[in-house]
Every structure is written in C-alpha cells, then in structure tokens.
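In the two assemblies presented below, chain A is common to both, partnered first by chain B and then by chain C.
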Partner chain A sequence: MYQSIVYKEWIKTQKVIWLLLAVFLGLGIYSFMKIAEDVRLTGTAAYWEAIIQKDISLFPFFKYAPLLSGFLLGITQYLPELQYKRLKLTLHLPLNENRILSLMLLYGFSVAGLLQFLTLSGLLLGLSFLFTTEIVYVVFWKLLPWFIAGWAAYLLTAWVCLEPLWKRRISNMIAGICVLSFFFIQSKSGAYQPFIPYLATFVLIAFSFPFYSVMRFKEGIQ
Partner chain B sequence: MEPLIQCEDITHYYGNRLIYKNLNFEVQKGKILGLLGKNGTGKTTIINILNGYLKPQSGICRIFGERMDKLSPQTKGRIGLLLEGHIQHSYFNVLQIERYYSRFFPRWKKEAYFRLLEKLRVSHKQKISTMSCGQRSQVALGLLFAQDPDLLILDDFSMGLDPGYRRLFVEYLKEYAASEDKTIFLTSHIIQDMEMLIDDCIILDYGKILLHEPTDYILKNFRRFTFSASSDAFAENQIVRNTGKTGNRWETYSFASIGDVRAVLSVNNEISDLKEETLSLEDAFIGLTGKY
Partner chain C sequence: MKNKQTIYLILLLFFTGIALWGIPELVKTASVSRNRYPFVYFSSIEKKFLFRELDGRKEPFHDDEGKIYTDKTYDAALPLFNFRQLTVNGEMPDSIDGIAIDPRLLRIKQVNFRYSPVEKNTPQTGLYIMYESLPKKAKLESPGDVFRLKDKIEFVDAETNSVNREKSERFQSALLKAGYVFPAQWTYGNLNIRKPYDEGYFSLDAQGELYHIKMVNGRPFVKNTQLNDSIKPAFFSMLEVADKRFYGFLFDKKGYAYILEADAGKYNALPLEIAPFDLDKDEWTIMGNFLYWTVSIRTDAGKHFYALDAETLKNRRYFYQDAAVNRWNVIANRLFPVYLTVKDIDKHSEFIAPRLHFTAYSALWANVLLAFLSVFIFPHRTKKKKIFDSVYSLVFGIAGTTALLITHNS
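On to the complex of A and B.
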C-alpha cells in the first residue's frame, strides 16, 4: 500500500523531478564556467581577494533555485489532489488518513532533499578543486539557508494547496512568504550559522501545517 | 434486514440556506437505493456527509455501523466510491491506475477491470485525462468492479453521459448487483433508465424527503390524472399534487384511486372527462417535485 502511494506521487512528479535535475545541473555548470571566466579575467589573486574581502557570492543563481524547486514540487504534487477534490479519492483509500498524508509529505520532502543534497554536494565538491577548504566551508554556510528554504517552500506550498478555502489560502500564502523571507536576509557569509537550528526547527514544525489543512478539508469547509 | 447505511436526524445549512432538516433514511443490505432530486437539493451533500467529507450541523450517519467521520480503513475498503463526474486520478494511464489501486484491496479482480475496458477503444497507455466523459465513466466503473466492494456509493453517475453510456453503465451495474448481492446507494438528477436499476427510491425536495418508497410501488400506484374544468385554480392537498393547467386540460398527480381523486377535485369545482395514466419513473418524479 505504501508503495502505491509513492507510485502515485512519482507519476505526478516525475517530469518535474527530471526538469529540476536538468535545471540544477545546468545552473551548476554555468556557475563553474562563470567562476572560471572571472578567475581568468580578474586573475586568481584578485578573485581570491574579492571572495575574502568583498564576500562575493559564488553561486548567486542558487539563491532562489531551491525555493522555486520546493514550490514547483509542492504544486505538482498537491494541485491535482485539490482539482475536482480528488483528495477525497486519496483519503478514501483503506489506509489511515494521517499515514497517507505523512507518506505524501515524506515523499516530496525526500525528493526535495535528494535534489538539494545532490546539488549542494556537487557544488561543494567542484569548489573543493578550485579553492581552499575554508572557502568551501564559508560557501556551504552561505548556501545552507537557501537550501533549507527549499524544504520550507515545499511544506508551505502543501499547506496552501491543501487548504480548502480561498480566503484562508491567500492568508496562508502571505504568512508563508513572510516566513520564507527570513531565509533570505542580506548578511555576511556565515552570519546565518547560529540561526540555522531555528530555521530547521521551523521546517520540522511546518511539517504539521498540511495536516491542519486536510482536517479543514474533511470538515467540508468551503 | 440489516441496514448498511443509517442516517439519523441530519440537519445541514450552507450559510442561511437550509439543505435538510432532520433527514432520516436507511439503506438495507442487498438493495439498490436511488436518491433522486433536482439540482441543488443536496444529493452530493449527503454523499459527502456519509463519507466523512462534510460535518453536518447535527445528526449522524453510520456505514457498516461506524460513524461517518471515523470510518476505519477496513470499512473504507468495503466501500466503492464514485465521485460526481467520474473523477479519477487522471494523470495515470489505463494500466497505471489499475496497478495503483490493486495493492489496496485484497479481493482485487484485475480481470473485471480489463473485461470492461475491452469495450472501449482505448490503448492501455492512454492517459485518463485524454478520455471522453463516457470512457472515464467506464474506467471508474471497472475500478469499482475490480475492488469488489460490499457497498457502492455513486454520486450522480449519469452526469455527462450520453444515453448509450448511461444505459451501458446501468446494465453493468444491475448485473453486478444482482449476481454478487451488492448494496448500492446512488444519487442522480437524470431519472431516465433509473427504473431499470433501483429497488427503492428516495425523492428529495428542497429541505426534506418527499417520498421514500419501493420503485415498484411508485410505478404501480402513482398516476397522472387529466381533466377539464372551468375553475382557475385547485387547492393543493394531501391527495393530489402539482395540479396545473397544460393547454386546455388540467393535470394532477396522485397515489389515490380515480374515485378518490374525482371526489377531491369535485369539491367546489365542476370537472369532466377525468382520465388516468400510468407513469414512468421520470414522469412520477416530475409529478412529485413539479416541473420547475
């Protein structure tokens, strides 16, 4: 039964997963080409200095890419469930309703996590061939909140999509955007480090939000 | 007889609009009960309440003895649910959807699904989203047959179907219910073909049940009476319903005998040429609920 739920989610999301993989790969390749070009044009010493003194971002394209991937994954997974109220079919399956939703969320969460892990690992590995460990470490801490934002965006999208009432959906959306802005406050690399556990805790708490939306759906609120 | 569905004192409003007040009915095991009503009388609402997708203002429904909002997974496995418009997971193709559902139901009958689909000219790789409404109805029906549930709940199954598909759906359903001793609870606003299918009939009017009787009883006893009269109006009462003038003649509907109808209509009026007609279920439905 659990396999079937995963199968359904895979059928819904497979195209988007391949698309996101291709986009992340493309952005990664482009980022490294850009770094190589900048090094060539400015010289290694000047580029190093810019990284250390001016705190330039080596992967600016990855600032919003994980966020958009979480959003896209959430939309692909939950919008069809709400279209024509197909969620009724899903909740009518002979399986505990909370377990069904947990599985659906875990699927998306894992896919988002895997995509982000592969991307982050690829970027850091590539970087380790060009720069010292210290710089790789600094880049990691700069990228981490943006990648956690991808998870948060996925869960918040699920929360918004599964909400049955449009008015409430819009207020959820506004609340979600406000919360997500915390992941993108302009600051020096590494400044987020003490804040990361709070962001991670928020993501864990956000896991419960879609359950509230489904409870409202079950009550027939419209 | 054992009731599989029991609804007690269901009252529900949408905003200030009353949908039902103290609605009560039961569906007995092995019966096909049709809940018939015009658009907006709350047919889908009762399906939603029954399956736990809507909390009524008051009252309770039970399916297999379990409260509607606390149906166990085992009980859900015994109920085949068809949503209005034959809604299914349309991102699947014909094969994928069978594979998806088959793992949930221990009595899954793959051959029942594919036997029904043989009639459709669709490839196994065809996506459900690209099918016509009639083809989707057969996919949905095939999935229900393969699930082999004890109780089928069908919400407005005839919606969007042309007469051919509607007849096909009814015939399959009738055969399935008869051979497997299944219980079916269905709603419809299209009454054609229903008399072939349903054993019992609930006719729903705005806010209440107008009639709950066996279909045979309605077909045998409910009549249309036409007559001529010089009067401008006839008062409604317990005996005659929806009395109105069509062209030069009056018509009214009643369960009473022609003698009783004549007696009722003749009070303070002069009537002549009273004739009695038997009715199809659709005519009976109109006679009970009115044309508008």
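On to the complex of A and C.
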C-alpha cells in the first residue's frame, strides 16, 4: 500500500521533477559559464578581491529557484487532490490518514531535499576547484537560506492547498509569504549564520501544519 | 483530538510570531521619523560648538550657548572648515591663536573618521589582501594572492588556487620570530586598493598582544606594538591620514578609544579624553583639523559632542543633546510591550537573527484591555476557552489577539 502511494505521488510529480532537474542543471552550467566569463574579463585576482571586498553573488540565478521548485512541487502534488475532492478518496484508503499524509509529505520533502542537496553540492564542489575554502564557505552561507526556503515553500504550499476553508487559506498564504520573506533579506554572505537554526526549526515545525488542515477536512469543515 | 490541539497551539504560536513581527513592522513603516541631529563643528575662533540645524528652520546657525549666527558670521567662525569659501572671498585669517595657517598644514592635518558598530558586527570571510607597503609605483597594485590568518598564516595564489608555500613560510616564521602566538583572535586592516598608502594589518594574537603585520619590499614586517598592559584591545579601525601621524583608532574592551601613533619606530596608544562608549551600539564621527577634533558619539539616548585638542587629545569642551522623540517609539511604548525583528533595526549589526524588543511597562495596558475585550470578541465558546483566550491576549497583546482571530472557529 505504501509503495502504491509513493507511486501515485511519483506519477503526479515526475514531469515536474525532470523539469526542475533540467532547470537546476541548466542554471548551474550557466552560472559557471558566467563565472568563467567574469574571471576572463576582470582577471582571477581581481575577481577574488571583488568576492572578498564587495561580497558579489556568484549564483544570483539560484536566489528564487529553490523557492519556486518547492512551490511547484507542492502545487503538483496537492492541487490534484483538491480537484473533485480526491483527497477524500485518498483518506479513505485502508491506512491511517496521518500515515498517508506523512508519506505524501515525506515524499515531496525528500524529492525537494534531494534536488536541492544535489544542486548545492554540485555548485560548491565546482567552486572548490576554482576558489579557496573560505570563498566556498562564503557562497555556502549565501545559498543556504535560499535552499532552506525551498523546503519551507513546499510545506507551506501543501498547508495552503490542503486547507479546506478559503478564508483560512488566504490567512495561511499571507503568513506563509511573511515567513518566506525571512529567507530573502538583503544581507552580507554569512549574515544568516545565527538565523539558520531558527529557520531549520521552523521547517521541521511546519511539517505539522498540513495535518491540522487535513484533520479539519476530515471533520467536514469546508 | 489531542494531536489536533497540539498542532492548533503550534499554529497559534506561529501566527502570533508572525504578528509580533509583522504588525509592529507595518506601524513602524507608517510612523517612524528620522532623528535629525544638527551638523556640529567646534569653532577654533569662538571656542564653542557651532550648530547648523538641518530641519529647515529660518535661523539655522547657532552656538552651544544659543547665540544666533548669520550665514557669513557662521562661515567666519569656522575658518578651518570653510577655508575654501573664505579663501575665495579673501576673508581667510592668516593665523589662529598665533599659529600661522598654511594650506598644506590644513590639508595634511585633516582627519575624517566614522565608526559604525556594523563594522565590527559583520560576517568576516577570514581572507585578507597583503599589499606592498613600499610600492615602486604611486598606486597600490594587486598582489595576485590572498591570505588567511587564524591557526597559521597562508597565502593562496588566486590564479592556481593553491597555497604559495614559500611566501607562507616566510611570513609564518617572521610571525613566530616576533613572538606571535597562534591562533589569531582578530585581524583588521583596510583591504581597499584605492587607499592612499598601505600600512598592512593589526592583529591580536592568542595572548592578547597586538601585532603590526605588513609587507615591505616583498618581505614580512612583523612587530609587537608592546601596548600598555592595561589596554585590552577589542577592535582596530585603520585610517590612512595624510601626515601619517597614526595608524588608526584602537578601541579597548572597556570602551575607551585611542589613536595608535607611529612614534619613532615604536607604537604609542594615545587616549582620547572622552567617556567610554559602547562599541556594539554607539556611532562615532570625528572631524579634525590641526587645532581641534570635533568628536560626535551617537547613542540611543542622544548625541555627545567633544572638542579635543588635536595634539594632546585632551577635552576642551563638551556638549550633549537628547535624541528627538520618535513617533514610532511613542506608539510602541503604548501599544507593543514586546515586538520582534529579524534585521537589526538600529543598524548595529549585519547579522540576521530574531530579536525581541521590550519597550515600556505602559504598553502592558493595551494587553490588559485586549484581555478584557477578548471576552466579548469571540462568541460561542466554553468557559475554559474564554479564560485561555483572555490569558493569551494578556500575554501576547495585539499579536496574540490577531492570532486568536485568525485561528478562531477552526
């Protein structure tokens, strides 16, 4: 039964997963081409100095990509459940509804996580050939909040989609946008260091949000 | 059901957290007013602080005793600040206090310095650039490598992304020979290639000794500054002054400030005769000429002005001005006993982190009122829920009541 649920989620999301993989790969390749071009035009030493002194962003294209990937994955996974109230059918399967939802959320969370882990590792590994450890570290701290935002966006999208009441859906959406804005505050690389544990804790807590919506859905609130 | 209540509480706290940040943020955006302090400069003629108000008033020029100045008398009272204008008008005095005014002296003795706590409270990359301090050309040139200084000193060549062993070992042994004990606590210098000249870095070693490190003719120059034991350095801000009298400003852990003077191959920390200040909160400005330095220190409560003798840095005059009442503070003191920010609102730190701000006890009345009103706001509840809502509103105020409104009936 569990395998069937995972397969159902895979059928719903496979096209988006391939699309996101292609987009992330494309953005990664383009980013390295852009870095190589900038190094050629300004000189390696001057480029290093610009990173150290001006904190230039090496991967600006990845600012919103993880966020959009989480959002897209959430939409693809949970919007079909809302159409014709399919969620009702899913929850009527001979399994505990909490387990079904956990599995669905874990599936999306893992896919988003794997996609982001592969991308982040690829970018940092590529950078380590070109720049010293400290610069790779600087870039890591710049990228980390953006990538955690991808997870948060996925869970918040699930929360909004699964919410049965439109009024609450809007308030959830506003609160979700507010909290997502915390991941994109204009700041120096590394400025997020004290904030990351709070953001990561929020992501873990946000895992419980969709359960509340589903419980209310099950109670017939609409 | 138990699970539902737990998640309800989590969601309630989540909405409360968002409202604790979002509502004050909106109110602040709509109400905050800028605290415009006047421009202040110490008059070497009047021996008083002269003020130029920036709030658009009719008579903007006055001194610290309230005497009003015209445009012309104001310029004449500050000849060392307005010397270009006075020279054009042919009104520049030949001497002040018996000291002849030489345009070169005016230029090389000028000191302009700013310190903001953000300079200290900012993420560091741990990489620095060592320029040649005795360059063959007038301009500084990029060395093509960067260095790290923590457990050891290492130069990394940018072109090959590999450690330059030979150069690293040369500097490492120079540091060890000078008595430097690793790991470094901090290293400060000016990384900007556009600076007029280079004096390298000042670095605090593991034992709290301050070292001067630079590169002269491609060779390492490392020297212990041998500061007085009573000075425990907390921060150093490099300043390239035209007369090369000093290297920059040294701040100690007690909040005292010094200039680190170059004294015949030795280092002398000359204290500025001003009250200690908070390196993590207070902003500094120094505008100096060859006679006096005007030092302005901006704190949360107000601004302190000191006129220091340029040579001895002894205090000649002091003035204090309270901060203007900010509309946002007035509102916050009445409505929000506690609010949350993630970016430092006072711009004292570049780090992003949740910060709780406590305003005033007077704002607790808003919470009491909301606790009372909540009895009537939410109908159709059990007695237990009514008590919970009231207590929640009492504790979390406007944010808590907003969160209760959002989650009500769900």
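Note that in this section the second predicted complex is superposed on the first by the 222 of 222 C-alpha atoms of A that agree within 3 Å, B and C clash if a C-alpha of one lies under 4 Å from a C-alpha of the other, contacts with A are read in each partner's own complex, and residues count from 1 in each chain.
The criterion applied here is as follows: contacts are C-beta pairs under 8 Å (C-beta built on N, C-alpha and C of every residue); 3 or more make two chains touch, one makes a residue touch a chain.
Here the structure is a predicted model, which is why all the values come from computation and not from measurement.
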Looking at the superposed three-chain arrangement on chain A, would you call chain B and chain C a clash or a fit? fit
Of the partners chain B and chain C, which touch A:75 in the superposed model: first, second, both, neither? neither
By the touch definition at the top of the document, which applies to A:12: first (chain B), second (chain C), both, or neither? first
After superposition on the shared chain, which partner residues are touched by A:135: those of chain B (first), chain C (second), both, or neither? second
Going by the contact rule set out at the top, does A:52 touch chain B (first), chain C (second), both, or neither? second
With both complexes overlaid on chain A, does A:88 touch chain B (first), chain C (second), both or neither? first
Touch check for A:220: first (chain B), second (chain C), both, or neither? first
Examine A:4 and indicate which partner it touches, taking first as chain B and second as chain C; both and neither are also allowed. first
Compare chain B and chain C by how many residues of chain A each one touches, and report the one with more. C
So, does A:21 touch the first partner chain B, the second partner chain C, both, or neither? neither
Using C-alpha centres in the superposed arrangement, which angle lies between chain B and chain C as seen from chain A, in steps of 10 degrees? 140
Applying the document's definition of touch, where does A:96 land relative to chain B and chain C: first, second, both, or neither? first
Closest pair of CA atoms, one in chain B and one in chain C, after superposing: how far apart in Å? 11
Footprint of chain B on chain A - complex, ascending: 1, 3-4, 7-8, 11-12, 80, 84-86, 88-89, 91-96, 217-220
Note which residues of chain B are touching chain A in the complex, please. 48-49, 51-55, 69, 73-74, 76-77, 79, 81, 83, 85, 87-92, 96, 99-101, 103-105
Of chain C, residues touching chain A in the complex: 3-4, 7-8, 10-11, 14-15, 18, 21-22, 122-129, 142-146, 148, 156, 158-159, 161, 191-193, 342-343, 350-354, 406, 410
Please give the residue numbers of chain A that touch chain C in the complex, ascending. 44-49, 51-53, 98, 129-132, 134-135, 137-138, 141, 165, 168, 171, 175, 178-179, 182, 185, 187-195, 198, 205, 208-209, 211-212, 215-216, 221
